[in-house]
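What follows is chain A paired twice: with chain B in the first complex and chain C in the second.
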Partner chain A sequence: MWRYIGRKLFVYLLTFVIAVTINWMIPRFMPGDPVRSMLSRASVGNPEALQRMNEYYTGVFGLDTPLHEQYLSFWANLFRGDLGVSVMLYPQPVLDIILRAVPFTLGLLLPSIILSWIVGNRIGAFAARKKLLDNTILPVGYILTAMPYMWLALLLAWSLGIVAGVLPTAGGYSPSLRVEFSWLFISSLLTHWVLPFLSMFVVALGGWAIGMRNMIIYELEADYSNYLQALGAPTRLIRRYAFRNAMLPQITGLAVQLGTVLSGALLTEIVFNYPGLGTLILQALNNRDFFVLQGTFLFVVVGVLIANFIIDIVYVLVDPRTRVQMTGGAA
Partner chain B sequence: MTLRVNDLKVYYQTLRGDVHALDGVTFDLADGEIMGLAGESGCGKTTLGKSLIRLDSRMRHIGGTIELDGKDVPIADEKAMVPLRYHEISLIPQYAMSALNPTRKIGRMINDLLRARGVRPADIADELKRRLELVGLDTDVLDRFPIELSGGMKQRVVMVMSTLLNPSLLIADEVTSALDVSTQRAVAESLVEFRDREYIKSMVFVTHDISLVYQMADTIMVMYAGHIVEKASASTIVNAPRHPYTQMLISALPEVGSTTEQGRLEGIPGTPPGLLNPPTGCRFKDRCPLAFAKCAERPPLVEIEPGHWAACWKTG
Partner chain C sequence: MRSLRLPAALAAVALAVTACSGGGGGNGEGSGEYPRNETLYTTGTAWGPPANWNPFMQGQYAVGTVGLAYEPLFLFDPNTSEYVPWLAESDSWPEENVHEIVLREGITWRDGEVFDSADVVSTLEVGQFDSVPFSNLWNFIEGVEAVDAQTVRVTFAENRPQEWMNWVYSHPIAPEHIWGEKTEEQIMSDVNEDPVGSGPYFYESHTDDRLVWERNDEWWGTEALDLDMKPRYIVDLVNASNDVTLGMLQQGQVDLSNNFLPGIDQIINGNETITSYYDGPPYMQPANTAWLVPNTTKAPLDDPAFRQALAHSIDITQIIEGPYANLVEAASPTGLLPIWDDYIDHGLVEDEGFTFNADRAVELLEDAGYQDEDGDGFVETPDGEPISLTLEVPAGWTDWMEASNVIAANAQAVGINIEAQTPEFDLLVDNRNSGEFDLIINNERGASNTPWTYYDYVFQLPVNEQQSTVNFGRYENEEAWALVEQLAAVPADDIEAAAEITSQIQEIQLAELPAIPLWYNGMWSQANNTYWTNWPSEREGAPQTYASMWNGIWQLGGIQTLATIEPAGE
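Coming up: the complex of A and B.
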């Protein structure tokens, strides 16, 4: 078990190192002078400030030191939590900007992933049971999964936000409010959260429901189900077994889907101008803000790696087959 | 008389029509009798076994009756069958290797099933352990998952599990087919032992392996294309069969010792008829060297000598 975790951890660590290295390489090996191209986009009126920025970034890039030293100092800065200073929001540190955006992204992602997984599995299991329900859930599910995130997001924004006018369609909270711990601010946060959350939740829901339905039907036809039926076991017991066994591939499915879900979340944020990492990436791209981009990508990579690792562990804990294989016998 | 099956007809409903897999089957099974059920693949052995305990969703009971210990077995009535299952009639399925829930420890699955059938696991725990030891298993298999067991071990677990409530009738469907020769023998001997200890009263033992069934069974029943062609004591079927099909089946047997599945059935030229639109009359007539005009009518299964039934116009 620990050997397995150790091996996984090593693979994830390696992935992390590679991701960081690529991240470091991109601005440095791109044609042209990164500092110049960055600053040309920054709208800085004051020539003195521009001069200061120029010095700072040339120093950070360390263009006059050998490559391996640049690489090592990049890692050293990373461990100190120093991701550089933003260009578009000069002189704010990149880390601060990202940390401000992360809660918004997580607040969207985690509830929509977890709730859609739980609710979708429930609906799917239910559909596998009732013919009538199945005939309605299945087509709806297929339509939902086939729907691109963007499109559903736009549809929701248009219908609930603009036509019905009940929910705000842009931003993370009302711009007229100060960030504080007050009822007014929290309710503004919530109303802004509903639409992006809903669009991600709904798209993912259909996929989970269909997957679960198919898995359960497969399990109900499995040999052990037939055997139990022949011995007169009640449907309740057989369903319980089927549900549990059908759940396992859904956990793996969660890991596989993570990338898709994440990119969906980033797109959804952009549609709703939601102040999370997705919107940040767009702004950084528009402003050629390499440091913000670099930092954001790092966060995304680390987040995906951590999530995958957690799912790996959960899977081992819930599936006795893998557990047995790893502990090597009756434990 | 334990089991009495009378003119049982069970068809599979398919999009292309009814498959007449069991078309008027009549036989008796005495107390303590182990009956081998033999015949080519597709002749309806599994269908007969299932028809005694649970019809799957595609099977339809067309006619005929089943009686066990003097009581009617309402095979078409799913609800009324439930009390009989496991308690009175039990099954070791053809797929015994995968009959265990892969994510449940074996002991827990057995307890789940017992509880669901109204039996307190604690009342039977000692008996369970005794029987596991009887078939040569360590009692710690109860703490294992199915993947930790070899095929033969799983087979024996299912054997013990299926017979735990001492059913009157056990249907064992090809329980030895997937095992090596020595394990086959051990499993077959355990089943005889179960009968001798009266864990089960009588048994239908489905197999392709006539030499194995000859050694363990009291009687052998031979099926052909959904019909019963002959039933008699094991030694009569092997040494003095009367039905032309049984004769060819036995003469196609290789010398004792070599056991290639195909070898022994290749001897009969031709193939059995399809059961979607089965031919009228004797279903063996296209392959029968003795066929004559009368064979266009179905020959009845008659007792040609005490305890020996055959369905052929030439034997009557």
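Coming up: the complex of A and C.
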């Protein structure tokens, strides 16, 4: 068990180092100079004054030292929780900016991943039972899962937001409200959350339902199911065993899917102008704020790694066979 | 089916909430909501979340930091070409190189401290730090002193009143008791949330997608200037996509949009509640000039005759009616904005100015020896070298991209081989600054108190290795630059003396065409009249100020617009 976790940890650590290194390279090897594009907005008329400002800010961002020194100090700062200073929101620290956006993204991601996984699995298991259900749910599932996030988001915004006018289509909350802990504000938060959540939930739902349906059919035809049936066990019991076994690939699937779901979330946020990490990435790109980009990507990478790690552990806990294998040291 | 309960419950809550808020819209006077009839919603200026409220961080500070919170000594009124006393009461030039400014009495900062001459002195002294955008002032200022509490005397080592007055009206005064003691590092790392200013609004709150200003009911100007700011709150929204903005404007969720919205002309024509400054084309007031800048160090663009031919080949009407759908106007051949009409030598423009004339362009090319010898449809240089030029505009700037295609096609029609290219903005800036381009479009200088800012942009010498803000075309003409320097020394209110010099500059400019003026970019501004009316307009009796939240426009009289708009239904 511990050897397994140790080995996994090593792989994750390696991935992390590579990810950080690539991240560090973004602002430094992109064409153009972040300091100059920041100063170009100041529309300073006098070239001399601009030159002086350029030198000052190059120093502030630490871009005037040799590359290897920049790389080392980047790591040192990273462990101090310092992701540098933003260009577009100068002089705010990158970490603060990201932390403001994270709750919105997590608030979308966690419920939509977990709920779509649970509900999708249930629906899939359900569908495998009845011919009629199977014939309806399967095609719907295929259509849903093949849908690009962005397209469904636009479709929902258009139908529920603009035509029906029931739900707001842009922003995290109504711009006419004060940010405070009141029913009015919280209800505004919730109504603005529904559409982006729904578009992510629905797309993911189809995939899980199809996967589960296929797995259940496979498991029901396995030898142990037939044997149980021959013994005269109740169908309910057989299905429960089948469901448990069918869960395992779905858990692995969750780990594999995380990256896709995340990029879907970022796109969905942009469609709904939702103030999370996706919108932040777009703004940072538009303003050439490579430091915020670097920080956001880092955050996303770390998030995915942690989630994967948790799923790895969960997998070991729910599947006794992996544990046996590990202690036996066979593979 | 136990696990379905939770999602079902959540869905029920969500639906219930939707039902509540869906029905509960309207004009709620709840404590949590900004009252709609007292709140002005604006957008079009902020391209990212509010960054800081630091008056020394030009170009980065949040919308309204200078204008709403911090104020300048004077405004400049482009309609009358006069300086309007603001924090100052009056000014005089006791000697040619001494400017004396008398400050208004009875102005206090928002924390109650009294505004006096020490604040002005300290603000100017902050400019001695390298990182402050106006550090170049100290190249020609000799000293600043507070004569008494209300009088400031600025002495100049070199006389540049045009440039100096540009600072006076466009830069704000910051309180000495807050900024005076700070080091450069402290000033440049100060977010300054909740700024202590003297202006008609103060900071209320902000999130990443908006910024809220609240009216300062103690503002000195209510009495001294008889200006009564109408909106109690100003909520400025960070730019969303054009579609979202257009939707919000039409639905009355935004009162004033300062975005370039393609197709807005149709909405202004079709919808009574959406208005702009002009009822018909060009709808918008001009804000700056878009120039076609040739790299004058490269053949054949180093030849004035070739530049003339190029200028004559461009059918500007095609650009205005095509990509811009009549939202902009053709620029004067001098490039000067209409507010500088007094500085334009109209007789000269009549005789020497270029207009679109393809035949004339062909003629000019022939006369200068540019001919198509090899029969590929494009002219070669007199030495027989083939000509192949590129015109670069930033990727994603759709209006400019379309305009550049028109220019390329027009030029090709007279035999000049130009190809339009769209590099990334940063790459274009690199190329532009280092002089590695053939042709670019640029509009980095806007309306100001003096055409000197434009001529400084076109002619400034010496040409450096990097040309980061001026003279991108690397045009070298000592005579013209000497004239621009003379213009800088003309007293700020002496338009006649200035016009004499600008006429001489224009003679060189029109003959040499170091940069080719194309069209005036608009001060994009469209308002919804559902909640706020009496927006500035060409109509008689309407205010003639600018309706724009853009940085720098407040000081050109934009701040007065907030006092002249009226709540609807009164």
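Criterion: the second predicted complex is superposed on the first by the 298 of 331 C-alpha atoms of A that agree within 3 Å, B and C clash if a C-alpha of one lies under 4 Å from a C-alpha of the other, contacts with A are read in each partner's own complex, and residues count from 1 in each chain.
Methods note: a residue touches a chain if its C-beta (ideal position, glycine included) is under 8 Å from a C-beta of that chain, and two chains touch if they have at least 3 such contacts.
Here the structure is a predicted model, which is why all the values come from computation and not from measurement.
K.L.:
Between chain B and chain C, point out the one touching more chain A residues.
P.N.:
When the residues of chain A touched by each partner are counted, C comes out ahead.
K.L.:
Which partner does A:100 contact after superposing on A: first (chain B), second (chain C), both, neither?
P.N.:
second
K.L.:
Going by the contact rule set out at the top, does A:245 touch chain B (first), chain C (second), both, or neither?
P.N.:
first
K.L.:
Thinking of the overlay built on chain A, is A:3 touched by chain B (first), by chain C (second), by both, or by neither?
P.N.:
neither
K.L.:
Of the partners chain B and chain C, which touch A:68 in the superposed model: first, second, both, neither?
P.N.:
neither
K.L.:
Quick check on the superposed pair: does A:234 touch chain B, chain C, both, or neither? Answer first, second, both or neither.
P.N.:
After superposition on chain A, A:234 lies in contact with chain B alone.
K.L.:
Which holds for A:80: it touches chain B only (first), chain C only (second), both, or neither?
P.N.:
In the superposition, A:80 touches no partner, neither chain B nor chain C.
K.L.:
What residues on chain C touch chain A, complex-wise?
P.N.:
These residues of chain C touch chain A: 1, 3-4, 6-7, 10, 13-14, 17-18, 20-22, 30-34, 36, 39, 41, 47-52, 57-60, 130-136, 139, 188-191, 205, 207-210, 235, 237, 240-241, 244, 247-248, 253, 424-427, 429-430, 444-445, 453, 456-457, 460, 464, 467-470, 552.
K.L.:
Under the touch definition given earlier, write down the residues of chain A that touch chain B in their complex.
P.N.:
Against chain B, the touching part of chain A is residues 222-224, 226-234, 236-237, 241, 244-245, 248, 319-321, 324-325, 329-330.
K.L.:
Quick one: which bits of chain B touch chain A in the complex? Just the residue numbers, please.
P.N.:
50, 53-54, 56, 81-87, 90-91, 93, 95, 98-105, 112-113, 116-117, 140, 143-145, 147-148, 158, 162
K.L.:
Mind pulling up the chain A residues that touch chain C in the complex?
P.N.:
30-33, 36-57, 60, 86, 88-92, 97, 100-101, 111, 115, 118-119, 122, 162, 166-167, 169-172, 175-180, 182, 184-185, 187-188, 190-191, 193-194, 273, 275, 280, 283, 286-289
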